[in-house]
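What follows is chain A paired twice: with chain B in the first complex and chain C in the second.
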Partner chain A sequence: MSAALEKPARFALGPDDKPIVIASAFIILLLVIGTAYTLVTAGTMTLLSPNYLLQQLQIGAFLGIVAAGMMLVILIGHIDLSVAWTLAASAMMATTVGGPWAIPTGLAVGLAVGLVNGLGVAYLRVPSMIFTLAVNAVMRGLMVAHTGGFAPQTAATDLMRFLAAGRVGGIPMAIFVWVGVSIVIAVVLKRTVFGRTIYAIGNREAAAYLAGMRTRGVIVAAFAACGMLAGLAGVLLAGYSTKAYQGMGDAYVLPAIAAVVIGGANILGGSGRYAGTVVGVVLIVLLNSVLSIMQMPEAGRQIIYGAVIITMLLAYRSGRVHQG
Partner chain B sequence: MIDRDARPLLELSQTSKRYGGVRALEGVDFACSAGSIHAILGENGAGKSTLIKIVSGVVQPDSGSMRLDGQDVRFSNPAAANAAGVVCVFQELSLMPDLSVADNISIAGPPTRMGLIDARAQRRRAEELLASIGCEDVNPLLRVRDLPLSRRQMVEIAKALGKRPRLLILDEATSALTNADVTVIYEVLKRLREDGLSILYISHRMHEIEALADRASVFRNGRHIETFPMGARSHGEIVELMIGREISAQYPTRVTRPRPAPLLEVRKLSWENRLRDVDLSLGMGEIVGLGGLDGQGQKELLLALFGVLKGVSGDMLIDGKPALPSSPVDAKGPGRRIALIPEDRKTEGLMLPMSIAENLCSASLDALSSGPFIDPGKQDVAVAEAIRQLQIKIGSPADPVATLSGGNQQKVVIAKWLMTKPRIILLNDPTRGIDVGTKQEIYGLLRVLADAGAAILFYSTDYDELIGCCDRVAVMYDGAIRVELEGDAITEQALIASALNIDTASTPALEHAS
Partner chain C sequence: MSRPTADWLIRLRQNTGLASAIALFLAFYLFYNIFHPKGFSTPVLVQNADEAIALAMVAMAQTIPVLMGGLDLSVGAVMTMVNCLASHLVIGSPLQIAFGIVTCIAAGAAFGFANGCIVVYGRIQPIITTLATGAIAIGIALFLRPKPGGKVDEDLSWALTNSLSDFAETYGLFDGGKAAWFQPIAWIPAALVLLVLVILLIWVPFRRTVIGRTIYAVGSAEGAAFMSGLPVDRAKIAAFTLSGVFAALGGLFLAIQTSSGNADLPQASAYTLNSIAAVVLGGTSLLGGSGSAVGSVFGALILRVISFNFRIFDIPPLMQSLVEGLILLAAVSLGGLRVLQVKNRLELFR
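Then we have the complex of A and B:
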């Protein structure tokens, strides 16, 4: 009875909602600080203009797509450190093939790398941290061999450019792609057997296996989806920059992991809502942008960036009940 | 030699230990003398392992005192006990598989030269110790991982002897040894006894105890019942001492009925050396118990039938057709419809942080979804039905299952499997650590399920449960089914005697070869 009375009295937030609320509040705080800064220095409210916000979301779309895949892998209690060169390889192969097959080729490369990761982790039982790191090195080597170490001379196709940099009704196409991916991932996680199995594996793989869930298949599929989404991000990024280049994915690995974790997902797997990852992506993109508007030197930006991630995580942890 | 016990080496007085609400040891007075081999007897949960954990410093007693050689001692950790000359060889091997034999033997205090480990001295030491127990054939430079189990156990004993014990504790330390090893170990132990060591010997092999021990102490329900010189009691009397209580009737009444045609047949099922040619049949409507002491292959048998173990040989038939599953997915599939209630609900049965509803549905998601999508309507109906059927006491199905009591958690595990409508239900000690009320509900439920046509195979460490619930009991010993008891022949006496692989009817003769 007392428990029943207690619940509606407090503003009830599930344990998964709290990080999302905190991160959203931090996003608003960033906008306020940034706007105050521009008001004082230039007398404008650049940050609140629709154009600026759409531009941030467009930049965020690439990171968001990588983070969506990363989230699947983190939820099962693993990690994919190969996304950097999966992304670059997909972009390079897409521009190399060109024509109508460019995008399918890019996605297929990502899917293939993801399948290798998944098979290595699920069947060979190699820890994902090592396996995906090694796969990343292999992909990098393959791409250096393919291009001779220089930026590929081939260019992105028109369709790639349109999907990444085009606008429909004033809204960047990349945002539509991100929204599409997000809807699929959110539905998969919430409504499907596959999604339920992902959470079960992340919480206790042995119990999921003994419940007769298809644990290995789901692990392979999660890595495959992560690889394919990294490939999609690579294709889009090549379209955005009009071509692929060496190391184009390097700046996406850690921010993708950070976005998932800032969104409240447990880095050891098993819990976290997809909405959190979206909020985490927006937060990271905005933080970078505000720091550069404030003309913070690179060193200071790195320090603040790292400090924010740690602070957010500590804020989530306080008050979270530890369940053994 | 037996009369040297005027001076006890180890003395415990009024020692008690509780784990939560469970009384593991209660007011125990116990003594053992130098120059003797002292056997400790008792059924599962009698307090044997708690006793040796206290003596060897693994756990601290709640109350009571301990004297070693007349001096009060209190060991806060195993290292302190080792330093005082108390060394224990545990049942679970304590060796590090990726280190060499020599590294393992000297792990706690390797010989050094100028501050660095002296590998040559360490190897020589390992060779000497291994030679002293007849293991010259073990190369000290091999990795422990590459040794067979029986050699590892010998290395474990060598490691213990290397600590120069005054009191040596062997906890089921001979369970994996070959007969030749056992003979050597007997000689070593007798020689150590001549040297004045005190040896506490825990084993469920009655013939070993008879061949070795000078004295024996029987424990029951956390109490020290009696200590007597070996040979002063017959087998029958020892079993009586180990049981020593009335059986309370709290079980659904058992109706004797003709044995049904088998639904599940198991023929010559073997796995590694943990299961040896197991033959068993299970009919519709039957509850068959698996008895025996812990670790005799019961858990492996259930896992093998559920498709978890790889490399199982032998046949398993359902409705007369070969049906050995290759995975749990296979086992619960439409052709077989097998369910397994696993041993440890917290790590194997439940995803603790996930909701009650999600846990309940986790084994039957295929039936609750259309295409890849889970049907929320079907799920809610099924969850409500399961909660009602098992009378699980919950706040909301959306609460994490971790918030429930142990008994209700176990009900969730059982309900989750009943939702798959199984024909064959395997249970691995399903009532361990749950309250009496829930236990009785589970007993009643098993009978209802059996009457509805399920075949139930039920491993329990609680003899009362086996007697009260089962139509038949198969007692396992050393990976094989030694005895099958049926109907009124299921008595605690018969269960314990067959669990210990002794024959209470005959005189204490030794006719066992295994």
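Then we have the complex of A and C:
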């Protein structure tokens, strides 16, 4: 608005903060709409009960962990389409190995896939879009060969179940895991050389390289971290549903990208705050939940989901000065 | 001192990607026909063509945004949407069928146009725009066809999924397909003719227009294209619109082939991902600016012929994804080997 441009606001928001504020406002709007709906139809306020909100955060934890890794990769200006089967492969290998080594195996699988992605992108300089797509197909083939195309019969270990579905003091463990991952990622992005290099690469890789940054190592590390977080999400998801199954990661790739972008990160890399990604995840999970409470058919859900993403991004753009 | 290089050699060097895609396809397809019990026969060719055309169309749809340096994650969804629309409209009297076909193509074009407008005027990146509009297209498809079903005109379905002689017989052309001059070409699958017609009548003329060239220019250097006074915005909108048209043609053919509509989300995403793979296999740079829709058609054919080979060698279809992935990895990694020749690492950052 022109008035806002003439008089600087007292609490001026940085360009990275605006999306977070808008998305948070939309989350509150969702809660209001959902509550109004349940008040009218059932006379209850289910959406505002702590139990419901905690449950949403628990479901959001899986997407949140995938999105945290995806954000690292998006910030350097790349994308990881292999998370779907990295997630599934980690879950399947973790349940196959079982015992105390289940979780380390799952994380190691994710890390290994992430390293392959990173090496291909950083050293062979294959566009990440296609390299990770091919790795995804390979992982899918390997896992289908491993399981014979059926859901593996092996079950998740007790520790995996506890981490995903257990509760401590009434709060789901998965939320603690998500919070732990979030703190690490936020600190790394804000306070470490590695984190700042990620932003620098995303802004202009040549400049980062000329400034003496170890760009290739950082790219490999970002992909490795993304793979490992996908692996962690796979381990947790297997724990949540007590076993691994085919295509368990398919529903996480595009929503993870959407969550990162709704959080205000630039899809071309270089800008975006981690808090935005968390808000984006909560928004997507809550949107799905409210729509299913309203018994919206799948057709309407998909249309609303797409429309929300477009509207949010248009809202972030409006009022911003023309960018070069 | 050096001898002038032959013209065809220069052209070959400029189109290495396309040439290797064609060579790879021919090698795979020859292999397939040699080992197929009924290899080199019309029924086999017709069946293969029918299975490959939809992906070839969707790959062409993907090519145009990629040439511009963007990406279209909605091609599979638009194909599915038009597939569902066609299962309602392409039936009845010839006039109704014609109206249905036109409406289907118009729907795809309108969807692509909307994508283009959001990208140009909303200033949202193509990949995110189409991620969102893809969800909308799937939603519309589910709205049109909550359950798989519907029907497409049987004559049309039969005529377009068989050889030209069947096509002529169905519509009583060329003495019911018995005309003497018609015999040498009567064995060609109608679907293949359709694909070639689409390439010759839509892609080739489009590429030669100012808009078509602008798309390549935008992919190479958008700033330079803008400074040169090229219609950048119009080219972007046209690119997505044409992408929508190709995706619609793919959906239309899928409806004609399966004679039904199916709002299948996994199928839509499989088509989208395969279209990206086909574009890359066809020698189009994902960074934009070089490549062609013809290459992508061959990329799509390569992907399809791999699965044909799986069938005759009785390899469990479960392994297919692994082999497809490995071939794709090998293809893109071979392209990555040029990195070893680069002397100045700054050249790599583009």
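In this section, the second predicted complex is superposed on the first by the 310 of 324 C-alpha atoms of A that agree within 3 Å, B and C clash if a C-alpha of one lies under 4 Å from a C-alpha of the other, contacts with A are read in each partner's own complex, and residues count from 1 in each chain.
The working rule: a residue touches a chain if its C-beta (ideal position, glycine included) is under 8 Å from a C-beta of that chain, and two chains touch if they have at least 3 such contacts.
This is a predicted model, so every value here is computed, not measured.
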Chain C versus chain B on the shared chain A, clash or fit after superposition: clash
Partner chain(s) touched by A:Tyr209 [first = chain B, second = chain C, both, neither]: both
Partner chain(s) touched by A:Ile183 [first = chain B, second = chain C, both, neither]: neither
Contacts of A:Arg191 with chain B and chain C, given as first, second, both or neither: first
Touching partner for A:Ala36 - first (chain B), second (chain C), both, neither: neither
Superposition-derived comparison: chain B or chain C, residues of chain A touched: C
Partner chain(s) touched by A:Val168 [first = chain B, second = chain C, both, neither]: neither
Against chain B, colliding segment of chain C, chosen among 5-13, 23-31 or 275-283: 5-13
Overlap of the chain B and chain C footprints on chain A, listed as residue numbers: 204, 206, 209-210, 323
Touch list for chain B against partner chain A, complex: 306, 308, 327-329, 331-332, 340, 342, 347-354, 358, 361-363, 365-366, 369, 372-374, 395, 400, 402, 416, 420
Residues of chain A touching chain B in the complex: 3-4, 191-194, 196-197, 199-200, 203-204, 206-214, 270-271, 323-324
Chain A-touching residues of chain C, taken from the complex the two chains share: 71, 73, 118, 122-125, 127-129, 131-136, 138-143, 146, 263, 266, 269, 273, 276-277, 280, 286-287, 318-326, 328-329, 332-333, 335-337, 339, 345-346, 348-349
Residues of chain A defined as touching chain C within the complex: 79, 81, 120, 123-127, 129-131, 133-142, 144-145, 148-149, 204-206, 209-210, 247, 250, 254, 257-258, 261, 267-268, 297-307, 309-310, 313-314, 317, 323
